[in-house]
Amino acid sequence: MMKKQKNDRFASFLDWLENGGNALDEEMQDALREEEPEAPGKQKREKKKKSSDKTADIAKKPRKAYADSWWYRLLAFAVAAALIWLLMEAVDRMPRFGAADTLMDSELTEFYVEHTKEETGAMNIVTGIILNYRGFDTLGETHVLFIAVCTVLLMLSIYGEQDEKKRLAQGALERYFEPHHDVILQSAARLLTPLILIFGLYIIANGHLSPGGGFSGGAVLGAGLILYQNAFEYRKIEKFFTYKTFKWVSVCSLLFYSLAKGYHFFTGANHLDSHISIGTPGNILSGGLLLPLNFVVGCVVACTMYALFTMFRKGEF
Amino acid sequence: MLGRVFTHLDGLTAVALFGIGFALLLLDKNLMKKIIGFSMMDSGIYLFLASYGYIEGRLAPIYAEGISDPAAYVNPLPAGLVLTGIVVGVSVTAVMLGLTVRLYERYHSLDIDEIAEKIRREGK
Amino acid sequence: MMTMVWWQNLPLFMIVGALVCAAVCSVLKAKAARAVMAALSFLECCGMGVLLYFTLTKNESFVFAMGEIGAPFGNELRVGAAEALVGLLFAVIMFLSLLGGWKQFSLDIAPNRATLYGSVFCLLTAAMCAMTFTNDLFTAYVFIEISTIAACALILSRNWGRTMFAATRYMIMNLLGSGLFLLGLSMLYCLTGHLLFPQLGAGVKELLAANRYPMPLYLSFLLMTLGVAIKSALYPFHTWLPSAYSTSTATSSAILSSVVSKMYIFLLVKIFFRAAGTDVFARRIEDVLFLYAMVGVIAGSVYAIVQRRMMRMIAYSSVAQIGYIFLGIALGTEAGFAAALFHILAHSAAKSMLFLAGNKLRSAADGQDTFPALRGTAKKEPLAALAFLVGALSLVGVPVLGGFASKVFLAKAAVELGGWRMVVVLADLLVSTALNVGYLLRCALTLYRPAEDTEARPAPKTRDAAFAFAMIVLILMNLGLGVFGAPVLDWIQRGIAMFV
Amino acid sequence: MEALNIILLLFMIVCAVAVAATRNLLAAVITFMAQGLAMSVVWILLQSPDLAITEAAVGAGVSSILMFAALKKIHAIREKGEAEDDEKAEE
C-alpha cells in the first residue's frame, strides 16, 4: 500500500511538471492510469473519497487533494521568491531611481519636449507621443480592444443546438429578474449619469491640453453607460444603444482611425504636405488630427467597455 | 548586496508585484485568481517602467506657462508606453474572463484541474 | 531626405489595408466576409512578392518611417529580403490554409460567426505583417498581443468544450510569455533609453564596452528569449501546444502551427541580430537556448511516437521541429541563422500541409483520428493522402524535399562551427531522423493499408477544388524548397546581410 | 511626500499578498481594485497624471467592473446549476 501511495504521488508530481500547474495532457493521463492496476487503484480512490467528504471543499477526485497540499503552496511561494530575488538583484544593479544621469533621460526627452508643441500642437506631450510619434503602437492598441470584443462575441456564440434555447431562456430570465425599482440606485444614476458622461467628454476633448485623452475618457463614458444600464431596465438603454449601434459606431470609428492614420503615415513618410493645420497650441480646436483621433478612440473604448460588460452580464448582446 | 535597492522602493515594489502575479498566474488553480495574477503582473511592469521615467524635482510632461527648458520635465515616453500597455492588459483580461465564464457555464468549476478531469471523463 | 518609391509604400498599405478589412468584415454578410478574407490574403501574397523582388534586385533594405519623424523618435518599419521572404511565406500559407479549409469552414463555423472569424483573420494578417516588418520592440509587443488573442479566437472557432479549455491553457501560457517579454523589454529600455533596433543595438554595444550593467542586460535578453520560447512552444514550455493544435479547425491549426508560432521566432532572430549582436554576450543566452533545443528535438519526437491519434502526433512533431529551428538560432553563427530561417520555411510548408491533409483524412474517417480508423482513407481521399505522404517525407528529410535541404544546411552550419556543438547537432539530427521515420512514415503507411472492415462502402467522393489547389501548390512548394534550396538559402543570406 | 509614497507602496504589496492568500474571490477582486487605486496615486507622485487617470478609469475601474460582472454571472450559474449538478452526481 505504501508503494501505491508513492506511485500516486509521483504521478501527480509528473502531472504538475508536465503542465506547470495546469491540467495533465489527456493521453499522458491515460497512460498513467493504465499503469496502475485497476482494482487497488479504485479502492484507494474510494477511500480518499470518504476522507475528502469530511473536508467539505475538496471535490470528488483524489488529485485535487494534492493541489491543496502544503508543499504545493510552498512551491508557489518559492517560485515567487526566487523570481523576486533574481529581479531584485537586477534592479539593484540598474541605474539609480530618480537621478538625472540615466541613459533614458537622453536625447529623446529633449527632442519630445522641444518639438511636440510645434509639430503636433499638443500641450500634453504624452498625447502628442501616443497619437503622433508613436501612432502606430496606438493604432495597434485600439485594434487590440476590437479583437477582444470579437473574441468574446465569438466565444459567446459557441453554443450547441440545445444550449441555444437554454441561453435564450437565461437571457430572458436576466431581463425578467433585473431590479426594476431600486429607488436609491435609480435616483443616484439619474443624477450621476449625465455628470459622468459630461466628465468623460471633457476628458476626451481636452486630451491634447491636459491629462487624459481618448482611452481614459472613453473608459469613463463606458462606466457611465454601465451605471445607467445597471440602474434601469435593458429596455430603456436599448432605446439608444443596441448591438447595432455598437457595431456601427465602433466600425466607423475604427475605419476613420485606420484611414486617417494611414494618410498621416503616408504623407509623413513621403514628405508630402498633409494639409492638416495644427492651429494655435493651447486652444481647444488645435492639434490637427489629435482631437478627432481622441474622439474616435473614446468612442471605441466606450463601446467596447459597455459591450464587454453587457456580454458578461447577459451572456449575449 | 541589497544596499541600493532601498533607494529604489518603486522598483522593489514593482518587482514584488510582478513576482506575486507571475506565481499566481502560473501556479494558482483558480481561474479567477489567475486572471487577477495576470493583471497584477502587468501592473508591476508598468510601475517599473514609469518609475524609471521619473526624475526627482521635474514636472509632469505637460507644458507649463513659460517653461520650455527640456530639463524641466520628466521623460514622457514611458508614460506613453504604459498607457498603451494598460489598455492592452484590459483587453486580454476581458478575453480571459469570457473564457472563464464559458468554462464555468459548461463544467461548473473554476478549478483548472477539476475542469481537465471533467473533460477527460467526457471524452470517454 | 529621400522620398519613397512606389513599392516602398507597400508595407504601409498592407498593414492599414488589413486593419480596414478587419473593421469592414464585421459588418458584412458571411459570404462577403469570406470573399474579403480570401482577397486580402491573396493581395498580401502579391505585395510580399513584389517587395521580395525589389529588395533582391536592388540588394538593399529600406526604412519606412510611420509619420514625419523616424528613428529614434517615432515608429518605423524596415523591410529587407529576409523580412520579405518570410512574410511571403506567411502570406502564402495563410492564403492556402484558407483555401484548404474553405469547404470545412462552412461546416465548422456557423454563418453568424463567420464575420467575426473574418475580422480575427484580417487582424492576424495585419499583426503578421507588422511583426515581420517592425523595427521597434514595443510595436512588436502590441502586435504580439493581437496575435495572441487572434490565435485564441482561432482555436475557439470550433464547437467543443474541449477547445475552450485548450484556448484557456493557450492563453495562460502565452500571457506568461508576453509578461516576461514585456518585462525584458522594459528593462532593456530603461538601460539603453531606446526602443528601435538600430539604436538599441548601438546602446547595448556601448554599455557592454564600458562594462556597465552587464547582469541586467543579460537578464533582460534572457527574459525576452524565454518569453518568445514559451510563446513558440520550445520544449519544456510546449504544454499548451498539442491540445490547441489538434482540436481546432483545419484552417486554424494550419495557421497556428506555421504562421503564429513562427512569427515569434522570426522576431527573436531580429532581436538577436539587431539588438544583441552576435558576439560573446549573445553566446551566453544562446547556450541556454541550445540546451533546451537539443533536448526538445528528441523529446518532441518521443512524445510524438507514443501518441495514438494522428492530429496529436502531428502537433507533437511540431515541438521537435521547433527544436530544430532553435538549434539553428543557438548555433549563433550567420550560417546557423540562415539554416534556422530556411527551416522555418521548410517546416511551415510541410506542417500546414500535414494539418490540412490530416483534417481532410480525419473527416474521411468519420471524425476519428486513431490509427486503426484511418486505415484505407487513402482510397477515399487520394490527394490528401498523397499530400500527407509528401509532408511526412519532407519532415523526415528525404532528398528533393524541403526538409532534407534544411537538415543539410543545419548540419553544414554545425560542421562549420565545429567543436562539441557540431557533435551534438549531428547526433541530434541522426537520432531525431530515425524517430521521425518511426512515427511519420508509420502514420503515412497506415493511410495506404486497406481498411479492416472491407464492407465499409466508399464514401461519396466530394469535389473540393479549393482544397485540391491548395494541396498541389503546397506539394510544389515543398518540392521547390528542396530542389532550389541553394538559391533560397542565398536569398536568406543576402537578407541577413541586409539585417545589420 | 516620501512617507506617502512608502505607505502606498507597502499598501500595494500587502494587497498583492492578500490577493494571493484569500480564497474568497470577491474579496480578491476588491483588494485588487484597491491596489489599482493606490497605484494611480503613486503615478501622480511619479509625475504622470495621464497614467493616473487612465489607471483609475481603466485599470481599477472598468477591469474590476468586468471582473464583478463575471463573478456575478458565475454566481448566477452556480445557483441555477447546483440543483442540476446534484442530480447528475446522484446518477
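We call the chains A, B, C and D, going by the order they appear; numbering starts again at 1 in every chain.
To be clear about the criterion, contacts are C-beta pairs under 8 Å (C-beta built on N, C-alpha and C of every residue); 3 or more make two chains touch, one makes a residue touch a chain.
All values derive from a computational prediction rather than experimental measurement.
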item	value
Of A-B and B-D, whichever chain pair has more C-beta contact pairs	A-B
Subunit A and subunit D: spacing of chain centres that average the CA atoms, whole Å	13
Chain centre separation in whole Å, for subunit C relative to subunit B (CA means)	28
Residues of subunit B whose C-beta touches two or more other chains	9-10, 12, 16, 18, 20-23, 26, 28, 51-54, 60-62, 74, 78-79, 81, 83-84, 86-88, 90-92, 94-95, 97-102, 105, 112, 115-116, 119, 123
Residues of subunit C engaged with two or more neighbouring chains	138, 142, 145, 149, 152, 164-165, 172, 183, 187, 189-190
Touching two or more other chains - residues of subunit D	48-50, 54, 58, 62, 66, 70, 73
Which pairs of chains touch, using the document's own definition	A-B, A-C, A-D, B-C, B-D
Residues of subunit D touching subunit A in the complex	48-50, 52-54, 56-58, 61-62, 65-66, 69-70, 72-73, 76, 80, 89
Sites on subunit C touched by subunit B in the complex	138, 142, 145, 148-149, 152, 161-162, 164-165, 167-168, 171-172, 175-176, 179, 182-183, 186-187, 189-190
In the complex, subunit A residues that touch subunit B	20-24, 26, 29, 59, 61, 63-64, 67, 72, 75-77, 79-81, 83-84, 87-89, 91-92, 94-100, 102, 104-105, 108-110, 112-114, 117, 123-126, 129-130, 134, 137-138, 141, 144-145, 147-149, 151-152, 155-156, 158, 210-211, 213, 215, 281, 301, 304, 308, 311-312, 315
Complex contact set, residues of subunit B against subunit C	18, 21-22, 25-26, 31, 34, 38, 41-42, 45, 48-49, 52, 78, 81, 84-85, 88, 91-92, 95-96, 99-100, 102-103, 106-107, 112, 115-116, 119, 122-123
Residues on subunit A engaged by subunit C in the complex (per definition of touch)	18-20, 22-23, 25-27, 31, 86-87, 89-91, 93-95, 102-108, 111-112, 115, 119, 132-137, 139-141, 143-144, 146-148, 150-151, 153-155, 157-158, 160, 247-248, 251, 254-255, 258-259, 261-262, 264-266, 268-271
